[in-house]
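Worksheet for the structure shown next.
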Amino acid sequence: MLRSDRFLAYALILPVVAAVVAFVVGPTYNVATLSLTQVVMGMERGFGTLGNFKALAADPVFGLVLKNTAIWILGGTFLCVTVGLAVGTYLAIDSRMTGWLRALILLPWVLPDVVTAMAWKWMLHGQVGIIGQTLQNTGLTEDTVSFLGDPQLVMWVLVVVLIWRKMPLVALILCAAIRSVPDDQMEAARMDGANAVERFRFVTLPNIAFSLTAVTVISMIWITAEFALPWIMTGGGPANASQIMATYIYQQSFEFFNWGVASAMSVINLVMLASIVALYLYINRRSWASEGSK
Amino acid sequence: MSNSISRRRFLGTTAAVGAVTFLPGTPALAASGEISVWKFGGTPQEVEVWAQRNEAFSEANPDIDLNYSYFNGQIRRQKILAGFQTNRLADVIIAFGQDIPEFAGFGMIQPLDDIAGDKIEGWKERIVSEVYESGVHEGKLYALPTYVDMASFLAINLDAMEEAGFDRPPETWDEVREYAKAMTKPDRPGIAFPATTAPVDINIFEGLAYANGGRIFDEETGKVTLNDKGVVDALQFYVDLINDGSTPANTSLTETFFRDTAQLFGQGRSAMWIGLSWLNTPWGVNEDVRWTGVPMPKPENPSGSFEPVSAIMDGTAMLMVSSRSKNPEAAAEYVDFWSQDQQLEVWGGQPEIARIPAGKAAWDNAELKEAWPNWVKAYDEGTLFKGGAPMPRFIGVSAIESALGTAIQQAVLGQKMPQEALDEATAAAQGQIDLIRG
Amino acid sequence: MNEQPRTLYWVFLGFVGLVISLYVLFPVFWLFLASFKTQAELAQLPISFWPESPTLDAYKALFSPTHQKGQLLDWPQLIGNSFFIAISSTVIVLVFGTLAGYAFARLNFPGRDLILGGLLISRMFQGAALLLPTYRLMSMIGLQDSLIGLVLLYSAFGLPFATWIIASSLREIPKELEESAMIDGASRLQSMVMVVLPLATPALITASMWHFVGAWSEFAFASILLESNDNKTVTIGLASFVELFTLEFQYVGAAATIVALPIMLVFFFGQRYFTRGLLAGAVKG
């Protein structure tokens, strides 16, 4: 390797690294120091305390928040990928309908989440929403179903909306991957007498395995950053049944003005997620890093 | 107590800074220069009129360069906080009365007494004294109210009431239960109340709790009092209404916020609803629904350990001046502009009928009389504000209200008894508030 | 194959397509319908499905200067601002993402994988927690109420992912092509621009569309950073219709339609490249 190449390389990546350090790492560092700072009456009072973390440990809501966050991120990611795979498989079929759908399916992704969150909240309301009304009119349910008011339902309903927003892109990626499965392999499996399910299991899946894991990480990153959907739709209610990290951090910092604790929570959140993703990247380093290149 | 000392010292410093900066202020010179103003949210009419009147201000004060920004109401606290932390807070911010203790305690806003000088006399003259008081904190005026909202009120569908055989609105909690039960039909509950996490929904409940002698926080002792009997019994009242079968399903209540409740009532889907003083006015009701609004009936025997109040009130468009304003004279001029009758009359029924106006002159408006005959009558008799108190306000109020919101939802959903839910909320909120207050 | 199962198969496929369309498109369609309703109709219960007397008032209101909701929200200007932010930051992301992507794909240097991994992980460091520190940073450098500030911020948010997609797809392009160009006397830069980039077009299109949509629909940072009316974006305009007191879904619907239309057109025509780019980039690694 030429020495000049090395300089060239650093020069080429410098703008990207600099931008990320300045606008992402900098503020993140700020949050990290704040998590170790006592904040009283909106004033920073003394660095070097674990008080914020202790307060979190003592907070009865925090346990619930962790559980809900697990549903949100893990359940959301899992469903996003599985539903995306199902829809992607469907879209991979050649027909006029799938052709149109492939273009229109991106609509949920194009609209700002502020708008889609409000629209869903409005539609889902058991009494003044179109979905609640339709369910009752068609006799599917006898009583009003309160999707966002029922603590048993709310978290999963939020996940359904989340998937609505994030799944289309996953489906398109997987659709593209499925369509690139070599025809000769498919044909060979067919000759061997494999039925559709077996062909999917033994030919398609191995071929799209990497795409699957890639969209898994991408979805997880998206879902972590998603905040407006749950905040606008439920504000963490009812009775904290849909309180997740993102909403609780927001509440602690901007409603309670308690940004020491909010920062501590952000740090926990980041460490947990970054380690999951780092682990993933490490395990799959062959496919995304240099060794994967041909 | 250590926290009150530190708070006072903190306030002292802010005031001292104010004194140093403003004592040598130039006397009686017309204000000039640049000021920025941040307004957050509001009813559509209010938002529209506010911008229009700003033009009148600029015409009247050609030397003042007014820089007005309107923001979505939902980002109020984060925007103000961000501005404060970076020393970029607008000269005038228009926020909630419930914000005052925190903003003052953090040193974000300054007492208007220090900068408005003799203008204050005019404000006192033009503004209803009880409403004026809602801008006062620790003996000083921190915010100029333009109107207030009061909690809690009851909207009644008159046809439903008469059909159930009543000839006057209910007057006690027991009567409300009785009325609600009698007015309930299979497809139309007798009463609805909002129970989401929205702050207004929590304010509506607080109106009931305060009327029952409850409080959510005792400033004297620094203790959260969510489990005071007054609050517990008020929550029991909600639960009783549900158990009577007079409301929509409990899970529906926890997803129905005040605007949805208003819609249900306005469309004849509920015979009564508990709300703030504006009730249905921002949205209207179907033409075939005859309705009236009355102050929320009171409990027969208030059970809380504090003084029962008749109503709680708060303004959500109160003008405050940043403690770091570089141009306090011009800021005071702007505040003074909004204390004039022409401006305060915006809330006198033309165009805005949804609020309780702050300006004395606004009360003479025919439009207001037409929309709210009962309110105007009570005002003329001097009873409207009698026994009223400000909505909860102290440092950490959001943390306690949020814990209260959780407890309300738990009780409404039947997950916990009111006492148990509020005991837990008290403990949780106490932890939060100790942290915030140090 | 005999005829009956074949018909059944297509009926089944049609049914599945219907279910997917219902789930994915109905909420958007519902907003679209709302844009033709009146305020009174929207408040009415039971809800009317089709607009009773379809009206274009909401669209007219958005573009008429008399209806400003007191906020002086000027929709042509909002759209212009959003386009400016989205396009400029897309260009930045594309240029610098390609340069860095080339380095990650083609050059060998110490810490390469670590840096790329670190960049990817930094994608997660966004969200509510960073609002305040970011605001502090932006006002420190004097960019808190400026479109340029948002362009820089969004670029920083978008660069890691774009770099990753571009690097992954460049790796798929055989080195030999480039090397033969260099043997023919082209410089590294020339060979990159003339030989490699054309082959990477799908990935570049993917990265740009991806970033464009993200920048176009961002709300949280825009809402806290932008102050003056001249600087506001479409998402701020949209959010102003969903205030506490207002139930103005006709405006939300109309504005959302106008906001989504240009993007959908881009997608409709770019769809082929977009999916191909996803495949080449994020998919094969």
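For reference, chains read A, B and C in written order, and residue numbers begin at 1 within each chain.
As a working rule, contacts are C-beta pairs under 8 Å (C-beta built on N, C-alpha and C of every residue); 3 or more make two chains touch, one makes a residue touch a chain.
Computed from a predicted structure; not experimentally measured.
Common neighbours of chain A and chain C (chains touching each): B. Among all pairs of chains, A-C has the largest number of C-beta pairs in contact. Distance between chain A and chain C, defined via averaged C-alpha coordinates, is recorded as 16 Å.
Here the CA centre of chain A is 37 Å from the CA centre of chain B. Put simply, the C-alpha centre of chain B and that of chain C have 39 angstrom between them.
The set of chain C residues that touch two or more partner chains comprises 45, 131-132, 136, 239.
Shown for chain B are the residues that touch two or more other chains, namely 78, 81, 263-264, 269. Counting partners per residue, chain A has 127-128, 253-254 as the residues that reach two or more other chains.
Across the complex, chain A is touched by residues 6-7, 10, 77-78, 81, 102, 105-106, 195-198, 248-249, 251-256, 260, 263-264, 269, 395-396, 398-399, 402, 405-406, 409-410, 412-413, 415, 424, 427-428, 431-432, 435-438 of chain B.
Remark: chain A residues 38, 40-43, 45, 51, 55, 58-61, 125-128, 143-144, 146-151, 234-240, 251, 253-258, 260-261 touch chain B in the complex. Of all residues in chain A, those touching chain C in their complex are 1, 5-6, 8-10, 12-13, 15-17, 19-20, 22-28, 30-31, 34, 87, 90, 93, 95, 97-98, 101-116, 118-120, 122-123, 127-130, 133, 137, 164, 168, 172-173, 175-177, 180, 210-211, 214-215, 218, 221, 224-225, 227-228, 246, 249-250, 253-254, 259, 262-263, 265-266, 269-270, 273-274, 277-278, 281-282, 284-285, 287-290, 292-294. Contacts from chain C toward chain B in the complex involve residues 43-45, 68-72, 131-132, 135-136, 139-140, 144, 223-224, 227-229, 236, 239-240, 243-248. Here chain B touches chain C in the complex through residues 38, 41-44, 46-52, 67, 69-75, 78-79, 81-82, 85-86, 88, 200, 259, 263-264, 266-267, 269, 282-284, 286, 354, going by the rule given at the top.
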